[in-house]
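The structure that follows is given in the form of C-alpha cells.
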Amino acid sequence: MLTFAFRKLLTLVGTMLGIAALTFFITNVAPGDPARLVAGPNATEDMVATIRTEYGLDKSLPEQFVVYMGDLVRGDLGQSIVTTRPVMEELLRYAPATLELVFVAMALGIVVGVPMGMLSAVYKDGPLDHATRIFSISGVALPAFWFGIVLQLMFSVDLGWLPVSGRLPLVTRPPETVTGLLLVDSLLAGRLDTFWTSFRHIILPAIVLSFPCLASILRVNRAEMIEVLQSDYIVAARAHGIASFRIVALYALKNAMLPTLAMIGLRFGWMLGSTVLVETVFDWPGIGLYAVSSALSSDFKPVVGVTLMIGFFFIVANTLVDLAYAWIDPRLRNA
Amino acid sequence: MTGPLLDITNYRLDIGTFDGPVHVLKGINLSVNRGDTLGIVGESGSGKTVLVRSVLGIGPKSSRVVEGGIAFDGQDITSLPEKDWRKIRGIRISMIFQDPMTYLNPLFSIGRQISDVIAAHEKAAGQGVSSKAARRARTEELLDQVGLPNPSRLFDQYPHQLSGGMRQRILIAMALAGKPDILIADEPTTALDVTVQAQVLDLINSLVEKLNLTVIMISHDIGAIATVAKRCAVMYKGEIVEQGLTSDILREPKHEYTRRLLAAVPDIDTAVERAPAEPTRTETPKPGALLEAIGLTKVYRSQSGSELTAVNAVSLSVRTGEIFGVVGESGSGKSTLARMLLRLIEPTSGDVIFDGTNITGLDGEPLRQMRRHMQFVFQNPHSALNGRHTIGDAIGEPLRIQTAMSRGDIEARTEALLDIVQLPKLFKYRYPHELSGGQKQRVCIARAIALNPRLLILDEPTSALDISVQAQVLDFLQELRAELNLTYVFISHNLAVIRQICDRTIVMKRGDIVEEGETEQIFLSPRHEYTRTLIESGRKTSRAASLQG
Amino acid sequence: MTTPMTSEAELSRPLSFRERHESQIRQWRLYAHMFRKSFSSMLGLGLVVVFLALAAFGPWLMPYPEAAGGAIDMANKLMPPGGAHWFGTDEMGADIFSRVIMGARTSLWIGLIITGIAALIGVPLGIVAGYRGGWPRAVIMRVTELFLAVPGLALALAIVAALGPGITNCVLALSLVWWPGYVRLVEAKALSVKEELFVESARSIGAKTPWILWHHILPNCLSPIIVKMSMDMGMAILSAASLGFIGLGAQPPAPEWGAMISVARTYMPDWWWYSLFPGAAIFLTVLGFNLLGDGLRDILDPRSRDR
Amino acid sequence: FERTDKGNVIVFGGRQAIPVLDPHIRYDWSTRMIQQSVYDALLKYEGDPAELKPWLAETWETSADGKTWTFHLTKDAKFHNGDPVTAEAVRYSFERGLKLNKGVAWMLKDFLAPEGISVVDDHTVKFDLKAPYAPFLSFLPWWYIVNPAEVKAHEVDGDYGQKWLTDHAAGSGPFKLGRWEPNVLYEIEAVDNYWKGWPQGEKNRPAGVIFKIIREPAAQKAALQRGEADIVEGLTPDDYIQIKRVPGIVIQDHKGMTTFGIKFNTQKGPTADINLRKAIAYALDYDALIQVYNGAATLETSPLPDAMKGYTPVLDMPRKDLAKAKEYLAKSAYPNGGLTLPYVHVAGLEEARRIGLVLLDNLKALNINVEIKPEQWPNMVANGSKVETSPAMTSVFTTPISTDPDAVAYQYHKNSWGQYYAMMFYDNPKVSEMIDQARAATSWDDRAKLYAEIQKQIVADQPEVFGMLQNRRWAHRDYLQGFQFSPVRFTGEVDLYPMWIKAE
C-alpha cells in the first residue's frame, strides 16, 4: 500500500513537471507581448520595459524556464501579469466554483447515465435501446456552447424559471467560506434559501457540462453490460435460479462498473477541460473562465497554472478510480 | 410419478443467423427416469450444449422451437414464462458447466455466491429467506459435501484464489444447493488436468450414490462418460444416432459414427507395433544428434519480483528421424521448453545445438536462416492463424519471407502444399474462421513444412481438437513424416497419444525431467512415482477401463 | 461452419472472380446485413453521406456562391428564413444557407486533417510502443500520458492562444493534442495482438519485425482505428467549432460553423435562425459520424461479432 | 436594481473585469469607472462637450512661461478613513504615479519630475514642469489622489502599496469599496456625507453600485430585460434597435470621440506607395461603415474627432469614388491590382471584422484581394511595434485620453512609432515639427492655427483610411436617472456619481 502511494505520488510529481514544461514552451512560442498589453495603450517603451523586468519577461526563454521550474518546485506558479496576483492564489480562489460545477455535473452524469445504460443493455435492440443510443450520441454531438445558449434562452429568458448566469443572485452574500462549494457551505451555515438559489444557478451549467459525459458513461455502461450479460457467470447465475433483477442490478452491474469507472475518471478530466466553454457561456467564475480570459490576453502563467491544476485533478481522480477498482475487484486487492 | 422425469419428444430447434436458420437440433427423442445416469457424447458442435440448455430454458437467444417439446415431471416446459422457471431452475434442475474459470463471478466471494443461490431458492419456494448465519452454515455444509477442505475459510475467498479443480467443486456445490432432481453436467472435466479430472469424476459418482441424483452428463470424452453414466446417447449433427446402456454401446457400437469415435480413442494400454527402427537409430545418443539441449533453464520474473523456474536445467537429445515425446501435466514447462528449443524465447541459461551448430548465440540473418530448418506447430490452431489473412497468404508467408520465389511460384507451391495436407485448392481463398479446427491445424502444418524443414516441434497439436479429428491428424502426421523424412518433437499431456506415436519420451514435472527413455519402457515399467500416478489417472478414463467397468 | 466442398473436376478450370473472392463477398454481405439491421447506424451513414455530398457538390448547390467568400449585401441583412433565403441572412446580408453548405467543406476538411495527422502520428508510435516494449515504450507512453493528463481542449486553447487564432493554427493545435488517444488505443491493441500465437508463428518462420508489424499487427489493430477515426471526425469538428466559438478557431468570413455561431450568439433570441442552422449542422454532422462509428464498432469489433 | 436596507443598489452589467484597481497602475474603461467613483482628482471632466471642472482643486494658476502650476485645494475633502486630503497627499500621489512608471505615468513623465512637485502649505501644491506643456491640465483628471498614510501602512518591500491597492482603495471619492469578487462582481458603497455632496440629493442617492460582469451580450440583454441589470453596455448595433422597442428601456446614444482608422504600413510593402493608399481610400464604401452601426456613427472629416478642441474639417476627405480610385491605382506600382493585402483586426471585435468584410467587398473592384486576419490584441500590438512586422492594413480604434488636440496629433509624430496607434509609421518631418511647436505654444490661437495645418497635411498623406466616429451607447431602465454623458470618457465608461434610481 505504501509503495503504491509512493509510486502514485512519484508519477504525479513527474507528470506535473512534464505538463509544466510542455505548456510552458507551447505558450511561450507566442509572438505576443503581454507586458505591452498591461502597460496600457499609450505606454512608452521604458514603461513596458519596467513591466517586463518586473515579471522577468526580459530574460531569455531558457532562463525564464529555469526560474519557472524552480518556483514550481516550491509551489509557486508565478504571477499573473494582468491581475498582478500570484497564480496559485487565484487558482485557489476560482477552483471551488469549477469543482462544484464538475461534481454536480458528474453526479448527474452517473445518476442518469448508469441506470439508462443498464436499461438499454437489458432491452438491447428494442425501441428503448435505440432511443437511448440516439439520445446518448446526441449528448456527445451537441455543441456545448450552443446548447448552453439555447437552454439559457429557453429556461431563463423565455420561461424565466432559472437564473441566466452566475453562481448567486447579486445581493445574496455568499455563506462563510469553508469548502468554497456554495452548496456545501450554505448547508453548513444553515442557510437553506441560499442553498436553494445556488442550486438553481448550477442546474443549467451542470446539465450542459454533464450531457456529453452522461452520454459516454451511458455508452460504456451499456456496452459492458451487454458483454457481461452474455458472460458465462451470468448464464450460470440464471441457471441457478437467481432473479433477473438481482442478476442485472447487482451481479452484472458490479462487473460492468469497472470499465465505467475508468470512463468516469477519464471524463472527469475532460469535464474540467470543457469548463472552458461552459463557464464562458454561463459566466461561471471558475478556472475555465480564468483560463480563457488569460489566454485571450496572452497572460500565460495562469494558462499554464490552469493546465497544471486540471492535470492534477485528473491524476487525482484517476488515482481514486484505481483505488475504487481495487476495492471492487478482489483480484487487484492482494496484488 | 409414473412417467419419466424428463421427456424430450421429437424436439427440433432452429437458430436464426445471418444466412437463414440453422437446424441445430433435428428431432431429439430422449427420456430420463428418476435415478438414471445418462451420458451424452458427440463431436464438437453436434448440439449437446444447446440441447441441455434448452432443458433449463437458457438456450441461445435467437433460437426457435420448430416442433416437439420438453416435459419435466409431466409439465411441458418448452415455453414456460420466466416466472415459473424460477421454481425449476437451480431447484429442480441444476447445471454445472464446462469451464470453471469463467462460470464464477470474479467480483463476489464464494460464500456470497452460494448463499445467494440458497436465498433465491428459498424465495422461489415461497418460504421466507433464512438468516445470513443459517445460509452460511448451509453453504459450508455444501462445500464440505463436495469434499472441499476448510469450508469456513473458503467462504470468504474469491474465485481467483482457487485452482480449477476447486472451482469445479464449488460449481457442483452451487448446483446441489437446491437439492435438485436432475443435475446436468456439461463437460465438467474437459478444462481440467488429467489427475484432477479423475477426482472430479469420482466426486460425481459418489454424489450420485449418496444423494440418489439423476444426472445428465455431456462429454466428448467417451471414457469420462463411461465412468459415470449407465446409459448413454450419441449425438451427431443435431441428432441422437444411438442410445442405450453404456456398456452395450462401448462393446457393440451400431452407428457408423460411434464406431469411428471409439476407434479414434487412443488406448493407453496398447503397445503399438512400430516400424523397425530408423536407420540412424542407435542405443546411445550420438554427438551428431539432430537437436541437442544442454542444461536449458528458463526463469520467469513476475512484476512483484518473485521468480518462477519454468524449466530447470533440462538436457535432451533428439535423433534424426525419430519422434521424441514430451509429456507432463499442465504447467510443467513443456511449451516453454519447446519455445526455447526454437529460440522463440531466450533461455536464461543453457545451449541448444541444432545439427552441430550452437544456435544460442545466433542473431539476425543466421538465426533467420536457421529457422528454415526447424518449424513449430502450435497448440491452438484457432489463434495460430491470422484472421485477416487468407489461407493462401498464411501458407505462402514463409516462402515470401525466406525465399526469393516469384508470385506465381509461390502460388503453385501453396497449392502443392494444400495438396500435401489433403485440403482442396479452393481453400487458398478462404479465411481461417471458415475452417474447422482440424482443417486449421492442417493449414498450420502446411505452413510449417513449406520450407522443407528437417525438424518439426509439435506443441500439443491435437489437444484443441475433437477426438475423432485428433486421430485423423495423428495419422496424417505419421504419414507426413514418412513422406518428408522429418524428425518430430511431440509434446502432449495425453499419455495414450504419446504411447501411440513416440519412440522415446521424457516426462516433465514442474520444469524437471523426472523420467526419460524408450516410450514402451516407460509405460511398462515406470520408474518415477509421478509417472506412475500420471499413467494411473490416464488409465481411469481410458476405454479399456470403462469396458471392464 | 460448413465449408462448401467442390469436386476436383471443377477445380481444374480457372476460378471466376466470384469464386475466388467468395469469402470476402460473404464477409461484406454480413457487414452490410448487420449494418442495415441497425436503425441508428443507417441514420449515421445517411447523415454522413449527405454532408459528404454537400462538401463535394457544395459550390453547385449554393444559391448565393458569393456569400461563402464574404460578400455583403447590407440591404438584406438579418432577413428571416424565406423563399429567397431558405435559412435567412446574416448581419452582413449573406445567405446563411450558402454559408452552411460551404461550412460542410471546411468542417470535413478540418475533421479529416486532424484525425489524419493524429492517426499518422499516433498509430506508428502506438504500434512501436506496444510491440517493442522496453525503453521505447516507456518513453512513448510517458509522453502520451503527459498529453492525456491535460484535456485536449484546454491544451489546444493554450496552443492556439499562443500561435494566434485562425483555422490553420486551430487545426495544428488540435492535431497536436489528438494523437495520444491513438497511441493508447493502438498500444493496448498491439500489446494484446503481440501475444497472439500467429505473431509467434510468424516469428518462428523467420519474419522480421517490420514484416510482422505491417502484415500482422497493423491489420489486426485496424478495426478499432477505423472506428475511432470515424468517431473522432465528429469530435474534431466539434472541438474546432468550440475553438471557433471562443474566438480562437476559424475566423469569418471563412465559412466555419463554430465561428458562425460565435458571431451569431449575440443575435440569439431575436435572430434565432442565424445560430440555429450552423448549430444544427454541427450537431447533425457530429451525430452522423458518431452513429456511423458506433455502427462500425458493432460490426468490426470482434467482441460483439458473435451475436 | 437591488433593494437593500440601506437603499437601492444600481446594477451595471459590463463585459470587462477589473483586475487591478490601483489608479497609478492601470486604466481602462471599467477600471477607471470604479477609480473615478472611489477616488477624487484635482479636476474632473464633465459634460458634453467635456469641460474641466474644479474638484479637489478649487482654483489654480499658471506662471507666464507656462512652466509652473499652483493648485489651491478645497478644505472640505476627506479620505474615507477620515484623514483630510492635503497637499502632501497630492504630492505623494503624483510622485507615486511617476515613480511607478506605469499606467498614467506616460502623460506627464516627460515634463514633470517627482522633485518638481512641492507642497506650499497644507492646501497648496505647486508643479514645476521641465518645459511648457500645453496639455498639462487636460491630463490631471486622470491622476487620482490616494491617502499616503493608508498606502504606506500597507507597503511591502517598498512597492508603494501596489499589492494592497490592487483590490483595496484609499480614496476620498463618493463611493468606497464593498464586495470585491474578481471576475464576478465589484460592489461600491456610497459614502455618507461625501464632502462634495450628492447632485441628486442625499435622499435620492443610491446605497451603492454593483458592477456585474456579464460577458455574453445575449445574457446582458436578458439581464436588462428581466431587470436584473439597470444599465448595460456593449450590445450589438442590432440589439440596440431591438431593445429600443421594449417598454421601460431607454437608449443613450451620444456622439463619441473614438476614431476608427485602417492604418497602412507607410514604410514597407505595397502600402508604402501613396497612390495605392489613396486608391484604397477612394474605393471604400464609407456609407457601409455607418450601416455597420445601423446609423449610429458619423464619418470622420478630419483626423481629429469633432468634439476635440481645434478640430477643423478637412475639405477633400476621400469618399467613395471608383473612378478616382482607379486613377490612383493606375499611377501606383500595381496598375492592375492583383495583389493580396492583409487586414488585421483585434480578434473578437465584431465591428472591425465587419468593416473588414466591407473592405474585402469594395476592393474587389480594384482587383485587390483582402485577407482578413484577426489577432489577439497583445500579438497585434507586438507586430505593430516594428516596421518589418507591421501588416499592410490594421484596423485601430483610438480614444483620445483628453480633449486636447495633442492627444490625437501626437499619434502622427515620429516619436510615437512603436505605439499601436502609430502602426502606420507615418514620417513627415514637417508634421512632427508642427506638433512639437503646438505642444510648447502657450497661446491657444497659435496652437489652433498649427493644428488646422496639421490636420490638412495628414489627410493629404493618407497614412490611414479615416473611418468613422462610432456613437457611444448604453441601454438602461427608465427608472435609472442622472445619466451624464461626456465624450472624453472611454466607450462604456459611465460617471456613476450622479446616477440614482427613481423608485415608483
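Letters A, B, C and D name the chains as they come in the text, with residue numbers starting at 1 for each one.
Criterion: a contact is a pair of C-beta atoms (placed from the backbone, for glycine too) under 8 Å apart; a residue touches a chain by one contact, two chains touch by 3 or more.
All values reported here derive from a predicted model rather than from experimental measurement.
Novice: Among the remaining chains, which ones contact both subunit A and subunit C?
Specialist: For subunit A paired with subunit C, the chains in contact with each are B, D, in label order.
Novice: Once you count every C-beta pair in contact for both, which comes out on top, A-B or A-D?
Specialist: A-D
Novice: On a CA-centroid basis, which chain has its centre farthest from subunit C's?
Specialist: Centroid comparison gives D as the farthest chain from subunit C.
Novice: Provide the C-alpha centroid distance between subunit B and subunit D, rounded to the nearest whole angstrom.
Specialist: 87
Novice: Roughly how far is subunit A from subunit B, going centre to centre by Cα mean, in whole Å?
Specialist: So the centroids are 50 Å from each other.
Novice: Suppose each chain is reduced to the average of its Cα coordinates; what separation in Å results between subunit A and subunit D?
Specialist: 39
Novice: From the mean C-alpha coordinate of subunit B to that of subunit C, what's the distance rounded to whole Å?
Specialist: Whole-Å distance between the two chain centres: 44.
Novice: Where does subunit D touch two or more other chains at once, residue-wise?
Specialist: In subunit D, 216, 218, 222, 347-348, 376, 379 touch at least two other chains.
Novice: Of all the residues in subunit B, which ones touch at least 2 other chains?
Specialist: none
Novice: Can you tell me which residues of subunit A touch two or more of the remaining chains?
Specialist: 30-32, 149, 153, 157, 280, 296, 298
Novice: Which two-chain combinations qualify as touching?
Specialist: According to the stated criterion, the contacting chain pairs are A-B, A-C, A-D, B-C, C-D.
Novice: Residues of subunit C touching subunit B in their complex?
Specialist: So the residues of subunit C in touch with subunit B come to 1, 3, 5-6, 8, 11, 15, 19-23, 27, 30, 33-34, 196-198, 200-208, 211, 215-216, 219-220, 222.
Novice: Name, in rising order, each residue of subunit A that touches subunit D in their complex.
Specialist: Those in contact with subunit D are residues 30-34, 36-47, 50-51, 80, 82-85, 90, 93-94, 149, 152-153, 156-157, 160, 164-167, 170-171, 173, 280-281, 283, 285, 289-290, 293, 296-298.
Novice: State the interface residues of subunit D toward subunit C in the complex, per the touch definition above.
Specialist: Subunit D reaches subunit C through residues 216-218, 221-222, 236, 238-239, 242, 288, 291, 347-348, 350, 353-354, 357-358, 360-361, 372-376, 379.
Novice: Spell out the part of subunit B that touches subunit A in their complex, as residue ranges.
Specialist: Subunit B reaches subunit A through residues 56, 58, 82, 85-86, 88-91, 94-95, 97, 99, 102-109, 116-117, 120-121, 123-124, 158, 160, 171, 174-175, 177-178, 304.
Novice: Can you list the residues on subunit C that touch subunit A in the complex?
Specialist: 39-40, 43, 142-143, 145-147, 149-155, 157-159, 161-164, 234-235, 238, 241-242, 245-248, 258, 261, 265, 268-269, 275, 279, 282-287, 290-291, 294, 303-304
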